[in-house]
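The structures come next, written out as structure tokens.
There are two complexes below, and they share chain A, which is joined by chain B in the first and by chain C in the second.
The block that comes next holds the complex of A and B.
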């Protein structure tokens, strides 16, 4: 790849090759700043009969070219670089999750300690973790070996032991992996890459174990050198290297695509994680991001600068929709639908979406049902994320007399909805909702933010593109993120606690670009106008037992920002509970939908 | 203009079909280029390494791992039977020795001085790969497998369960719109690929299994019936390894839906002939749909004419709507408006106009149709 002078870059073309759609954006230097100007998309073409990812790339780029009036692809089907006044781009970059993304197996000695750290490293690098093998995972050794044999990972990460500690246990894990001879999914020509990131003293023994059997052993620094600290960077970097050198090179057409890009291709979730961490750091805030796709749902969080990512492998809106309904139960899905639906028909409908994943809802009822499924998928994915994003387990804690009544222990979740400042949505069902009120409602129902939380959506799922752009042109990435990437939906104010229905939950007073005041009662929602670009100060007085950020019953004052939806006042309480009885539940949900104008007739629809 | 790719299921009266038959690991390929094979012929075979069973001798003999090696009765590469002594402690002055017997049969593969763990590898597991279709071997990859080519009629289904099988095509329904019920299944259908029309009932599948049919193919199936057939609610569409005693394929989708008339007519045209079917479906990376492959004789292939042409979305193309409110209806493209259209859901999407055989037309999102390949 040629080194490019960032100052010379005027036109940037970026694609994200997803498992179903390849999305392209064009970024241009206009009036002294970088702006995202056009977008295009086309079905991804990694599968037969096309089996060449570059076809989907060329199609999406051709669409942009037509919209921009700029020729971006030459007669041989190659992207034109560098740019002239009328054609081409200065740099082309890409991310990818096509072909199932990066699939890994991780292993460690203790499930809650080194194996958890290894899983965090793999997830942070953007992979799907197929299984975690640990000495104490409750499975018998031959069951573990059988499981390793059944999996088809792209690579394996092994960790275990702190530096200088016992070597026996980690070598024992390696001795299970080696004879199992895991088969890579790309066929027998592929040497299975093994990354060892465990006790430094066990390196020689590990090398010995993997010396035969066609493994490609790579050794990096221990990802848990001492119990109190993780060192995930070297393992993550090695995962990225192997992803590029081995995994991507096996996918159809990627060798060609890699020759076109001006920067290494990144796994899509890795790029999203990078840009969210950058934003959290720059603005000094706590952020949760979610990307709900067809097969999986990724949740990213940055709380007090600690980054976590989880992938819920079988929670998605098309390939995995049937699994969402099975896991959440159809009754839980239907509680969000304010009208009767025939369950037999619905079950068939869900399966038809599963086997034809690219279809979109044509009718209002169909849309409402899909959004009900999305609420459950998001709720389950966030639950899994909270269980995973914890403080380090296994750390010795010295407790003082002052801690006697404290229930805090190691391994507590660090996800705290009351401390959450910004919740960012992306993925088809959230980004393509015809009305942004629907996106906001989905986020609030599924994530149940507490206190004062800003809601935003990634306008056209641009975060992956910007994540990889940040690695070559941080300035352009930052400018586009601030101006074009996020669409602010508004601010949600929600009280924690269980308010009594119809009794005051909290009173509010808004001043600034808009003013107003009122009382929110238990079970009630209200939408207050606060448009995009408008800000204000809200004073909140929670009722006894209700908490808006300063403790039960304590007054709160916060800056709020408007958006395309506005200021949402939520008096339903936390945790959110819906009536059990079907008719009452339908009426309650309909009331909430009406309050927030979630489904109305006169709307300017968004493009899908 | 950007090309519009619309995925479609392949249904063709004639194509040259190649199928790769590959071993999971290196082994012996039994055929050579030019050989004529039948679906049942074994074309390659190998042995998978046996199951692995670890025994932690250091724990069992309560000694440091490094000392285990000196106590071994069996050594790396030695065969061992169940209850045969594997290792023995040195005891005290040559007395009070304790012996560890093997709980597994196999070969001692490794003895680790670091962990004191011994790995016993079980007997190799034989694996055979059959030809699957009648055809000619056109290429051989040494130690791996071969490629078989044949002139075939080919039907791609939308979803299936169960693996590869073969049999004679037996038509159970008199039209593509007739529901496949148990009464249509007869004992003569033993070993056959039973072809229905519209939705197949759970009872029909059960009876087909009872009479020993190899596979059952029809337009649709209720999800509830699939759940009962499998014994669990299928979460993601990755199938093919179920051991149901029968392969089940639906050509159109879930629910009350008729088999496409052309598919039905084509299968009927081959009634009594042999077919190979595979229910394996993988709707994810490396998408795989179930298939029905009917080998053609030389004269049949000549009569069937040209191979299909991979088309794009153009006016006049046959298509099937794959989402409500027109789910399952077949028609042809009558207009391709360039501008996005506002749907009933409120979304704006690129659409097409479809004309149904009744003459009625409807606007449908382009994402909600699939081409019927001819």
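The block that comes next holds the complex of A and C.
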């Protein structure tokens, strides 16, 4: 791949090869800024009978070319680079999650320490973590070996021990993996890549263990050189390298595709993580992103420049919808539905959705039910994310006598809704909701943002493309992210605390492009018009005990940005509690839905 | 008029007492009564009387004529039912003091000084009946005639101390709550115990040792196994040992008492066995150093500096060595968890350790770690008891403060009831004398206010 001068880049072509669809976008330098101009998509062709991913890529790119009136594919079926005035692009980049994406198994000594860091590294690189093997995971060695044997990961990441720490335990872990001889998913001649990122003093012993058996051992810096600090970069980079060199090289057509791209192909979730990190860093904000799919839900967060990603493997809107209902319980799902529903009918609906994942709601009732399920799926996924995104465990604490009665354990979550600035949604049920108000309401109910939080959705699931673009041209990625990728829904203002129903929760005064003032009472929601592109300053005076970001009862002034929904004022309190009694619950939920005009227009079946 | 008063007094004295004896220089006291002291085991009789007319301060500030009172006793009937009166001699009445009673021959059973009019005889047998007499005593060994109680008194044992009824009620409530919580827990109910950071961090500390390939050091205090803090420490040791067995970390326990060493060995061995790792148990890692406080401290410090454990636990009774140990542990970068009920050592542990179990938390550790329903229920019930005590304390403080700042009859009554009945020994019914006194005082105040209003 030739290094390209970012200043010379005018036309960027990006594709994301998903399991079913290959999505392509064209980014062009227009009027002094980068804009996404056209998009196209075609079925992915990684599976037989085509067995060549580039066919789908060419099809989607051809569609863009036709739309843009620009020839992007030459007669030999290759993408034309560099660009001229009428044809080609300056750089072509791609991400991939075809064939199930990157699947890994990780191992460490202690599940909450080095194994957790290894899991963070793998997830951050965009992989699906199939299992975590640790010395204290409660399984007997023969069970662990059997599990490793049963899994067919693309690669294995082994960590364990601080530098100068335990050697014995790390070698024991390696001695579980080596005799298990795990087989890779692709290619019979493919050596299983093992990345070792543990105690440097154990490297020789580890090399010896994996010297036989057809393993491809790669050694990188310890991802936990001391327990007080993580060093995930080298392990993540190595995962990306191996993804390209081994995993992608085995997938049909990827060797050809790699020859076309101007930057390394990235796993799709890894690219999403990268763009969120880039945006959080450039704008100095805290971001949470969510991608809810049919089988899994990915949650990304960047708080104080610390990135975390989780994959909730059993929370999704089609293949995993039954599991969502089981895990959340039907009662919790139905609390979001403001009318009575026949439980038998609901179960049929759930099972139908599971076996026919592409079906879309045909009635207002089924749409509301599906969105109720989505609320619970998102809530559970975010809960899992909070539990995973924590401070490091096993770290020495520094105390003073003042801490006598306020000692906190390590491993507290770093996810703080009050500090959250931007919440980005993507995934069918969120992106394709008939009304943006529904997307906003889903996000608020599931994530319970506190203080002042901007809500947005990924318009056409462009974040993966921009993630890989960020590695080549961060400025272009940020500009497109802000202008074309995100559809701003509006700003949510919510007070933390438990207000009494009907009593003042906070008063507000808006100035700027729009002006207005009022008081929000406990249990009340209000929608204030603030259109896309409009901004304003909101002054907030919370009631005693309520917190809007500066502490209980303290006044707050913030810049707010409008969107397709507007300014949402939420006086329901945090944490959000719904009445236990069914009739009261229905009335309450209906009141909220009416306040935000969530289902006021006639609902058309959602288009996917 | 004066003469009539003297005659009346003489008649009263004649009705209630019978004066006996010689050397009459002082007027006797009057109205002598004897009664059983209630709510005791039958070991006390209360004797009361009205002071002698001679109990007056001399007008010229000279020597008092009356110096005190001497109390005499005759056994009317023993606890075994044998009547003693009438067996002493022929010259005595059937029930009373002998006619030939002389002060020189008989020692009083007790005496009280000038101004006092009660005496508690604590040398009686339960069931025995006694007749009492009181004589005023003066300078130079003079006595008044004996004033004999009109009726004898029997010392009776009460099986139930009614003065402590409130104590019983509170005890029943707390016991009931404890039993209810235990039953609730046994039936599978969830009893929420506040997370104790120090105990939550045990796995983290042991995990750190495993990752760093260094041992875990457990110091069970410097007192012997008969100290409750050492016992609580051993309970925590059991949990630490289980975690160490599970995480395959090396556990070292230096002790300052041989019995503690034996107990610790048994505990750790059982923990390793319970986790299915008897092979990993090494009794040599649990060893005795010395009984000498600073010798032991130096020994433990040596272990710390040489082996640099990644986790140090200090669970038990500590004195001056607490800061020495905790600072040494801090300097080697160990996660340190301390637990003690020694208030003077807590600040040192809090400042130098990562986590500290404070007093009650330390003793609650057993229930917290074991998750045993009986222990959890008991812990919860005791918490309810503490809440009751705290509520009483707050109410009492409020009532007392209000009664002082804005006094009213009701508040004074409430204060009296809390002090005398709930916290004191007056039982359920209010103390009538005190109530009457308060009533009288407030009536006087009201009268005065009315008078002032009228004028």
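Going forward, the second predicted complex is superposed on the first by the 544 of 608 C-alpha atoms of A that agree within 3 Å, B and C clash if a C-alpha of one lies under 4 Å from a C-alpha of the other, contacts with A are read in each partner's own complex, and residues count from 1 in each chain.
As a convention for this text, a residue touches a chain if its C-beta (ideal position, glycine included) is under 8 Å from a C-beta of that chain, and two chains touch if they have at least 3 such contacts.
Bear in mind that the values here come from a model prediction, so they are computed numbers and not experimental data.
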Partner chain(s) touched by A:214 [first = chain B, second = chain C, both, neither]: neither
Touched partner set for A:6, first chain B, second chain C, both or neither: neither
First (chain B), second (chain C), both or neither touched by A:233: neither
First, second, both or neither for A:168, with chain B first and chain C second: both
Broader residue contact with chain A after superposition on the shared chain, chain B or chain C: B
Touched partner set for A:364, first chain B, second chain C, both or neither: first
Touched partner set for A:19, first chain B, second chain C, both or neither: first
Partner chain in contact with A:354 - chain B first, chain C second, else both or neither: first
Which superposed partner A:518 touches (first chain B, second chain C, both, neither): neither
First, second, both or neither for A:259, with chain B first and chain C second: neither
Common interface residues of chain A - those touching chain B in one complex and chain C in the other: 167-169
Chain A-facing residues of chain C, complex: 195, 197-198, 200-201, 203-205, 207-208, 210-214, 246-248, 333-335, 346-347, 350-356, 358
Partner chain B, residues of chain A touching it in the complex: 19, 40, 42-43, 45-50, 59-60, 62-63, 66, 98-100, 141-142, 145-146, 167-169, 171-172, 175-176, 179-181, 183, 188, 205, 295, 314, 319-320, 322-323, 326-327, 344-345, 347-364, 366-367, 432, 434-435, 599, 603, 605-608
Parts of chain B lying in touch with chain A, wherever the complex brings them together: 1-3, 5, 7, 24-26, 49, 51-54, 56, 65, 109-110, 112, 114-115, 117, 119, 121, 144, 158-159, 222-224, 226, 233-237, 253-255, 281, 283-287, 310, 322-325, 327, 340, 342-349, 364-365, 367-368, 370
For the chain A and chain C complex, residues of the former touching the latter: 109-110, 112-114, 135-136, 160-162, 164-169, 224, 227, 393-397, 399-401, 403-405, 407-411
